[in-house]
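These are the structures in question, set out in turn.
Next, two complexes with chain A in common: one pairs it with chain B, the other with chain C.
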Partner chain A sequence: MIISKEGWKEIGFNLASLFIAFSLWEIFTRYMDSPYFPGVGRIWGAFFLLAKRGDVEGITLLQHIVASVIRILAGFGAATVMAIPLGLLMGLYPNIYKRTRAVLEPIRFIPPIAWIPVAIVLLVGFSRYAFLIWLGAFFPIFINTLVSVPRVNPIHVNVTRIFGARRWYIIRKIVIPSVAPDMASGMRIGLGIAWMCIVAAEMIGGEMMGVGRLILKYAELIRMAEIIVGMLLIGLIGFLMNEVFLRVEKRLFRWRWEVSLD
Partner chain B sequence: MFDERKEKVKIQVSKSFDNLLVLDHLDFSVYENEFLVIVGPTGCGKTTLAHIIGGLYHPTEGQVTLKDEMVSPKRHNISFVFQEPSCIPWRTLWDDIKIGLEIKGANPRFIQTRVKEMIELVQLSGFENYYPYQISGGMKQRVAIARAYATDPDLLLMDEPFGHLDAQTRYLMQIEITRVWEQLKKTVLFVTNNIEEAVFLAERIIVLSRIPARVKGIVPVDLPRPRDNISPEFLKIRSQITQMCETAE
Partner chain C sequence: MKREFWLSWMVIFAFGLFWIGEGPVSQASAAEPLHFGYLVADQLHSPGPMIMKEKGFLKEEGFEVKWSEFLAGAYAMQHFSAGEVDVVSCGAVPMMIARGSGTNVVMIASANTEGSALVVVPEVKAVKDLQGQKVGSPGLGSIQDAMLSMVERQHNIRILHVPIKVSDMPIYLNKKEIKGFISWEPHCSRAVDMGYGKILLTSHDMLPNHQCCVVAVQGKMIKENPAKVKRILKAYLRALDYANKNREETVKLMAKYTNLSDAVVKAALPIVKNPYPPFVDKESLKVMGQLLMDTGKIEKDKVPDLNKLIAEVYNETFLKEAIGGK
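On to the complex of A and B.
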């Protein structure tokens, strides 16, 4: 990949911003001078110890990360697989949506955390995590797909209709490609929310692995440095996943991003 | 002279949207291999008429028949060049031009040769793998025209296809469309609000009134091609149509 001059400049500024953020935190912690506000050095140390020796139970950072990523991908994957067909279906047949709104819409506003008791009663083990993450990721993907269908350009539909295209052809070759960029941005939002649900999900999982669990473990011990390591990890992995997603999106939907010549 | 020609498309329609009457008992025909131009003021329902003739909308009253059958895109071989830019943004020019053949289930080898021919016809060779965002407005309209011709349609509808183009490109496209029509001799129904364009292209012009649209008159244009748009005969027909448009009901 070639990085342009503008690109390098952007990277430079971002590194500088990071440096300033860390410096401000460092100044703040020195000023506070309290075990609740560990400095950059102590956080870094905690990171190394966690990565090398593992936590109080000997579980390493990598194991925590892998466990969380797998849960997220499972919940997010299930959400995608269900939300896209359902969004398409209700977008194509708006009456289904209009007539079931009273059921669907209120569910959208129940925060995943509020589902925890239900999840505990109904599900066990891995499915609990997946369920809570699924709840968080489902609606952004579903709603984005749903509202995008009526925005398909009728000219593109007519281009195929005039040649006698059948409904199924129009759905496959016009509707889905038109909606795809909105589906993808829904997925990106859903992925972000999935990360936000991970701590809540791991709170009830009963397993000792996972980045969310790591935070909770050290919360009980009131060890801020390790907690901050867990927080920063969630932020960082989420950020990286989002970046990868954005790159793929830009590549796949180049036709939508580029400015037209006329 | 036109009486001897075979009537291919018969149009007898009225159309209203709610209480607004748009097309008021239009009744005319398009002959086999004719270049017929419908001219009328902006907002008189020309686009609606073109969509009805193509079977994309249904008339409120009456019907359109093509070869003595109710018109239907599923049954007939119709093409349409839309007023708005209509290139499919995620398809390359090549894939865009073949879409009609793809829908009609032509065999891949035929598609290959036919699309190549069409690209040469509208002079877009070398741009096969470009996407619409990479080409100019005039080129996009040429893609739409190539796509429309590719399926060898029984009826080709063109709804102000050059409306969005600048005067110079528009003029070049008019010459091009005449050239293509003379080469392929299809039945073309061309809709425009531009009287000069109508006289330049048409074998026969149907003049529509303001909304609700009625047929104000039918004018044959029997001038040799390529037409000279400042010749006295050309100007005479042009002013005749201008007068028709200006007279009150």
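On to the complex of A and C.
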């Protein structure tokens, strides 16, 4: 991959931003002079020890990360598989949505954390985490798909109709490709929310591993450096997943300039 | 682009300043404000706050009290460390952990000794059966988690400590997701009463007369306003005295606060001990402190001397003075 001059400039500014952020954090911690505001050095030290020796129960950072990523992928995957067909169906047949929105819409506003007691009683083990992440990721994907269907260019649909295309052909060749960028945007938003849900999901307990669990463990021990390591890890993994998603999106939908954040 | 870059940072900086500038708004009141934290359904261990609340003993000492409930000692200590809570009633272990992390917390009196139990599914016949099994714990920072580590050492086995909210533990046990759990009363007796499990060990079996819950204040308060500490302790001792003299009423209040039947409360109470005068058991603090250091919950490089930590975290002079003055 060749990086353009503009690309190098962007990288340079981002590195400068990181440097400024760390410097401000360091100045802030020195000004506060409190055990609850560890400096950059202490956070780095905590990261190094967690990666090398593991946490107080001997669980390594990698084990925590793998546990969380698997939960995220399961919940997010289930959300994608269910939200896209349902969004398409309701977008194509708006009456279904209109006649069921009294059920669907209120559920959208119930935060995943409110489902925790229900998840504890009705579900077991891994499915609890996947369910809560699914709840967070489902609606952005569903809504984005649903609202994008009516926006499909009617000229495209009418032209294919004139040439005798059947409904299923129009859906496959016109509707789905037209709404695909919106679906992808919904998935990207859903992925972000899935990461936001991981700490809430891992708050349930019943498991020893997960980045959210790592944060909660050290919150109990009031050890801020390790808590910040967990927080930064969530941010970093989420950022990397988002970057991969953006690259794939750009490649798949090259024809649609709106995909770019530039 | 450069201008945009610096503009972005100016906005971030301004936002940061605004955030730092956000502070608690002081309220003018005739009575002295006091924020008291205690644990959910912990009235069997620590009846003092409940009686003080019901009978208004702190109010009589001139305090306007804000009461806050916390799920476990670790969460109470997080709020205490932030300076939000002035007085707290919870386990000695989360307090020692917090002290080890730099929180200026000072215990002034005991609430109870013992009072926890290991509840297991009926198939578990002996502690050895828990080898490699999942056992629920209120969390790493709890006294019960430390006791579970003690059981592992005593029986030379490895148990998987699974963090679960105490009120959810019977559900996990019933669904066989865990082989047992360790918790404070009345959650153990509640699980037994529901028919989900049996008590395998009480905390008396693990470490006799171990210190459990204590009452602590901000170290700053001791230094800057010892008279305030004396007034709090006076109300607390009065509450303990009241609880001892009015046992039936206290049991009824415990049942009301924990939302359990009188029968469950009465079944759980023999496991809990509330010695009077409420001096903290320093020997068990040492045993638990050593365990916390060995398991890495207190960092050895931050706390090189355990005896010094205990001397700092427990101040019995106020209690001695109060008892002597009676």
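Quick note on the criterion: the second predicted complex is superposed on the first by the 256 of 262 C-alpha atoms of A that agree within 3 Å, B and C clash if a C-alpha of one lies under 4 Å from a C-alpha of the other, contacts with A are read in each partner's own complex, and residues count from 1 in each chain.
FYI, a residue touches a chain if its C-beta (ideal position, glycine included) is under 8 Å from a C-beta of that chain, and two chains touch if they have at least 3 such contacts.
All of these numbers come straight from a predicted model, not from anything done at the bench.
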Going by the contact rule set out at the top, does A:Leu240 touch chain B (first), chain C (second), both, or neither?
neither
On the A-aligned overlay, A:Phe163 touches which partner chain: chain B = first, chain C = second, or both, or neither?
first
Considering only touches as defined above, state whether A:Pro177 meets chain B (first), chain C (second), both or neither.
first
A:Val124 contacts which: chain B (first), chain C (second), both, neither?
second
Shared chain A surface residues [contacts with chain B and with chain C]
none
The residues of chain A that touch chain C in their complex are 9, 13, 16-17, 20, 24, 28, 34-36, 56-57, 120-121, 124-125, 205-208, 213, 216-217, 219-223
Spell out the part of chain B that touches chain A in their complex, as residue ranges.
51, 54-56, 73-75, 78-80, 82, 84-86, 88-90, 99-100, 103-104, 131-137, 140, 147, 151
Contacting residues of chain A [partner chain B, same complex]
155-156, 158-165, 169, 173-174, 177, 253-256, 258-262
Complex contact set, residues of chain C against chain A:
1, 5, 9, 13, 16, 72, 74-75, 77-78, 81-82, 94, 97-98, 101-103, 136, 139-142, 160-165, 168, 171-172, 175, 177-178, 295-297, 299
